[in-house]
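Two complexes, one shared chain (chain A), two partners (chain B, chain C).
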Partner chain A sequence: MPRSAAPGLLIAFAVLVAGLLLAFTVGRYPVGLGDLLNVVAAKLTGQAAEAPAAVENVIWQVRGPRVLAATLVGAALAVAGTAFQGLFRNPLVSPDLLGASSGAALGAVLGIYFSLGVFAIQAFAFAGGLVAVAAVYLIGSAVRARDPILVLVLTGVVIGSLLGAGVGLVKYLADPYNQLPAMTFWLLGSLAATSVADLVPLFGPVALGTLVLVALRWRMNVMSLPDEEARALGLPTGPLRIVIVAAATLVTSASVATAGIIGWVGLVVPHIARTLVGPDFARLIPAAALLGGGFLLVIDTLARTMAPIEIPLGILTALVGTPFFIWLLASVSKTWS
Partner chain B sequence: MLTDRRTLIAGLTATLLAPRLAFAATVTDAAGRAVPIPDKVERVFPAGPPAAILLYTLAPDLLLGWPRANRPEECVYMLPDICTRPEIGRITGRGNTANLEVVLARKPDIILDVGSTSATFVSLAARVQEQTGIPYALLDGRFDAIAPTYRKLGELTHRQTAAEALARYADETMATIKAGVEKISEGRRPRVYYARGPRGLETGLGGSINVETIDFLGAHNVAAERKGGLAIVSVEQVLLWNPDVIVTIDRDFAANVRTDPVWAQVSAVRAGRVHLSPKMPFGWVDFPPSVNRLIGLWWLAKILYPEQFPEDIGVLTHDFYRRFYHVTPTDAQIEHVLAGRD
Partner chain C sequence: MILSGHDLTIGYSDRTVGRNLDVALTTGEVLALLGPNGGGKTTLLKTLLGLLAPKAGEVRLGDRPLASYASRERARLIAYVPQTHVATFAFTVEAVVLMGRTAHGNLFSRPTAADRAIAARTLERFGIAHLSERSYTMISGGERQLVLLARALAQEPQFIVLDEPTASLDFGNQGKVMREIRALAAAGHGVLFTTHDPNHAMRAADRAYLLREGVRIAEGAIGAVLNRAQLEELYGALVETITDTAGRIAFLPG
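Up next, the complex of A and B:
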């Protein structure tokens, strides 16, 4: 039964706007709503703001970049999760299925181990995610099997655990006083250190990957069918799968490189999006992006305001995601019987 | 049944090792355990970096090796033949990288551990001693316990005279600095932010070992409202705290903070009071938590209260490195150390 996408998308949009408002107005540094409006209005009209320079600085240099980064990372993970759940025809799949997160984690801990600078660590993480997924794909395709998707998933699991062992090894060898805490913090996920300079390397890959997925929306609908049916409809499933995986990986790796490991967003948000707008990827991708951005904005606002010290994002998303996942398992198992 | 077997093994080990060890006396370690000490102590296995550094300063010849191999640039500030001794792993801490068989193969006369004397480490000491039959002494690693720890280490290694000299230096340094700090009124004590990590957003919370010397100096750690160890904070929170002084161990952060528009608002940055800690051969502020922090105390005292402590840090460094690290650094080397370079 087709239904109108408009209300669902509107709700998703409202969630993002509410998230943005909340994230901009709440924070450790007191910024009044008046000051906020004044600073934003001044920027728009090109006049000098009446608010103190410190407040202006917090809004444009500290909170602004962080809010944008949270939106981008949340949207990216949700979009990648949506693409993967469709591609693998499985509602329990998340964007790190093919090893993007574990590869990025290994890249980042190696960067910390070699005492590199911030941007080099992020570049290592980004490259690690891409290399890991490429390796999984190559190995998975080299194995001749009747069910290529299953082989791909299993290769992802196996390589993921190998990379996890690599992370463990680097942590074990690391200097316990300086490097180990840095690695632990990175693996828990945080946007605490986001600055304006972080936004470009995040925005580029996320925008590119998302655009590719949006462009493929109709084909992704067909790809959700079993392989033989999709091929019968004249779709080159092999090359398409590579493009979709590459786009989702680009998006995931860029967000993991910026924010560290943040689980659950890519698993939970696509489901909420699907209940709002239905399974059509043309609406599902924008809805997931809007909801993912709004969701991570709320989570990140909690992370930076609940205490003087930061609460790792990975911990907060797990607190929210676990009950949801259990509920999901319960409802999925009903349809299995 | 299990305990039976363990007692049996312990008994056997003790019998096998007994001919080699002649115990002269027992020394009570910082955890209150009576540790039997052989007549001759010639080989000591350090359980972790703090123990290795402490032992190196008192009796470098006894040190069997280092928990982690030193880098060549660190060996400039140590006795070269001791500095290059092999990597032997560590027994305590998060990663137990030393295999007990390797420990036994090194034939140490005693195992030395310096650090926490909490139940975890006391039971670890007891277990390793039981398994290996080698006396395992656990000494207090807290900063203000450096002097008593030296005296205890002197007893353990039969080097009381040398230990007394180092203990006295520690006592005098702490007493001098404490007396100076007491003259400073509460209002003139700066609010300090301790920055770690390349972005400067890792910090030591109240009561953490990282800020032990900052606390000792009576300064206010801005992150002290929460108790704990290391944590991440946001830039917004640092702006809110607006510390008067920033002490950091990260070179990248120290280099970038002056040009960063966000950090530029912080009082400490505006006033030019961001200080990069020296780290050669061992860090001066927090890690490893051993006697290396003693010269760091002078450095911090001068940073926090420049008028109160006019002493020349170059002279102090030279003196400390001669007494504790057994080297006489050149002026250029001291300058290199003080600049916080690797």
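Up next, the complex of A and C:
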């Protein structure tokens, strides 16, 4: 871990800027870099832009909300993954594996099924995510085993599949013409329908959860030690763990409620961030947020430009994440004890 | 200050490990805890650290029950040096030692310049200042043990409790850790450590506590407790003694 994290943070920041430029310029209606800078500069200085009105419209109305949402969702998933990996002392856990995503998905699908508003869907997603993570955690710690982390991950898989069955049931019961296509598309992950109105219920919880995690950044370092050591160093680990899990779950479920299930971001990005800036959460959280935002911007740009129809985000991230996970499993399994 | 256990029954929710245990540790002295595997050494250690509640009896720290201390307050008085382990994340040695300062800050604080100065001083004290920027996962077992000692000292505690501090160390580092334990007591700390080697107790401790199958076999000054007959009873095995011309004794498993 380098003493100065500046180079690593700079790289992470550059990734986000590159992602932003890519997302704004590439698409069915290409926007030149010059036009983009002109329009942004005009907006900042309050003057009229020289670029055509259509370009302005594409930047602010069409791509703007989607770009913001991709940045927030990517950052949120990466930050949540960072927190979960530290808390469970395992580089293989992620919001997906601990059931937070599938719990939030079941909550949100129920919200859609009952034709609720966007805030109610958010609340359902959060409750679902929290209940799922709590269940995984309680069952995982009730089973006394030699390898508690493995038990935890396996419990997550089992609870995840149970919740998956729940999602399946809701889909089965849903109106096949109005609700089902929305659910299916949403469950695979998409930002296609993002509007300005979606940004508020996304930004609030993500900002709140991230703030809590940032405030606890030093305590989170200590929480990544074995429980007895952290307690001997003076931490009330029980209450702290609940606060951290709740914050990470809040962040996860807000992004699931907005963009559906986008797997792997919370697993892959924290690793890359850790190799850039080391394990200290004070640097890791901002680095993961920047990288996660940039990563999802690239993925989302690919999703809307690669094929004549939109490709669901979850499919693209799975293509990246699966080989990454296998590589990771091969490289860290040696240190499991 | 005194850390003491009174008529303790120790163990976990599903089993009892030891009964009727009385133990006391005063600042400035070293107490060695000896006994066969599974005899309750680690359980007693965790009970005295406040990490495990006694099933009966009471642990007291100073003039109050240990259970009445908040975790932060307790950590300013008792430090724990666990057996060395491979960490999950590659924190620097400095960061690991700084974690010892956690109980001196509040919930949201980061280590201050003063904390860094204390960490640097303790690293210096154990002769490992040159490792400060190295990753904790990349140093040797002996170095890791010294880093954990430095972390405990950075807590500025009255008592330091060590779980088999020499278990994974080479011969040279075992000697070094024993010397450091003596030096900690000389500096006024009360030190409790577990060990499998009676010679380490001879070398570093003032008193020894012999624990077998959860029962105290003997307790007292090293010279009075550590002899062939006691050790043979403790381990249920033959023990040989070697005495040099100065009258110093070493034990060998028979």
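As a working rule, the second predicted complex is superposed on the first by the 280 of 337 C-alpha atoms of A that agree within 3 Å, B and C clash if a C-alpha of one lies under 4 Å from a C-alpha of the other, contacts with A are read in each partner's own complex, and residues count from 1 in each chain.
Simple rule for what comes next: contacts are C-beta pairs under 8 Å (C-beta built on N, C-alpha and C of every residue); 3 or more make two chains touch, one makes a residue touch a chain.
The shown structure was predicted, so the numbers you read here are calculated from the model rather than taken from an experiment.
Have a look at where A:L319 lands relative to chain B and chain C in the superposition and call it first, second, both or neither.
neither
Now for A:P181: first (chain B), second (chain C), both, or neither, which partner does it touch?
Once the two structures are laid over each other on A, A:P181 reaches chain B alone.
May I ask you to decide whether A:R274 touches chain B, chain C, both, or neither, giving the answer as first, second, both or neither?
Once the two structures are laid over each other on A, A:R274 reaches chain C alone.
Answer with first, second, both or neither: which of chain B and chain C does A:L37 touch in the superposed model?
Once the two structures are laid over each other on A, A:L37 reaches no partner at all.
Thinking of the overlay built on chain A, is A:P91 touched by chain B (first), by chain C (second), by both, or by neither?
second
Quick one: classify A:V222 as touching chain B (first), chain C (second), both or neither.
second
Regarding the shared-chain residue A:A307, is it in contact with chain B (first), chain C (second), both, or neither?
The first partner, chain B, only.
Chain A residues touched by both chain B and chain C?
none
Touching chain A in the complex: which residues of chain B?
49, 68, 93-95, 97, 196-199, 201-202, 205, 223, 225-226, 228, 230-237, 239-240, 249, 252, 260-262, 265, 283, 286-288
Within the complex, which stretch of chain A touches chain C?
Touch residues, chain A against chain C: 1, 3, 86, 89-91, 215-219, 221-222, 224-226, 228-229, 231-236, 274, 278-280, 282, 335, 337.
So in the complex, the part of chain C that touches chain A is made up of which residues?
Touching chain A from chain C are residues 46, 49, 51, 70-76, 78-80, 82, 85-92, 95, 99-100, 102-103, 105, 107-111, 133, 135, 155.
Can you list the residues on chain A that touch chain B in the complex?
It is residues 27-30, 53-54, 57-58, 61-63, 66, 117-118, 121, 172, 175-178, 180-182, 185, 190, 192-193, 195, 304, 307-310, 312 of chain A that touch chain B.
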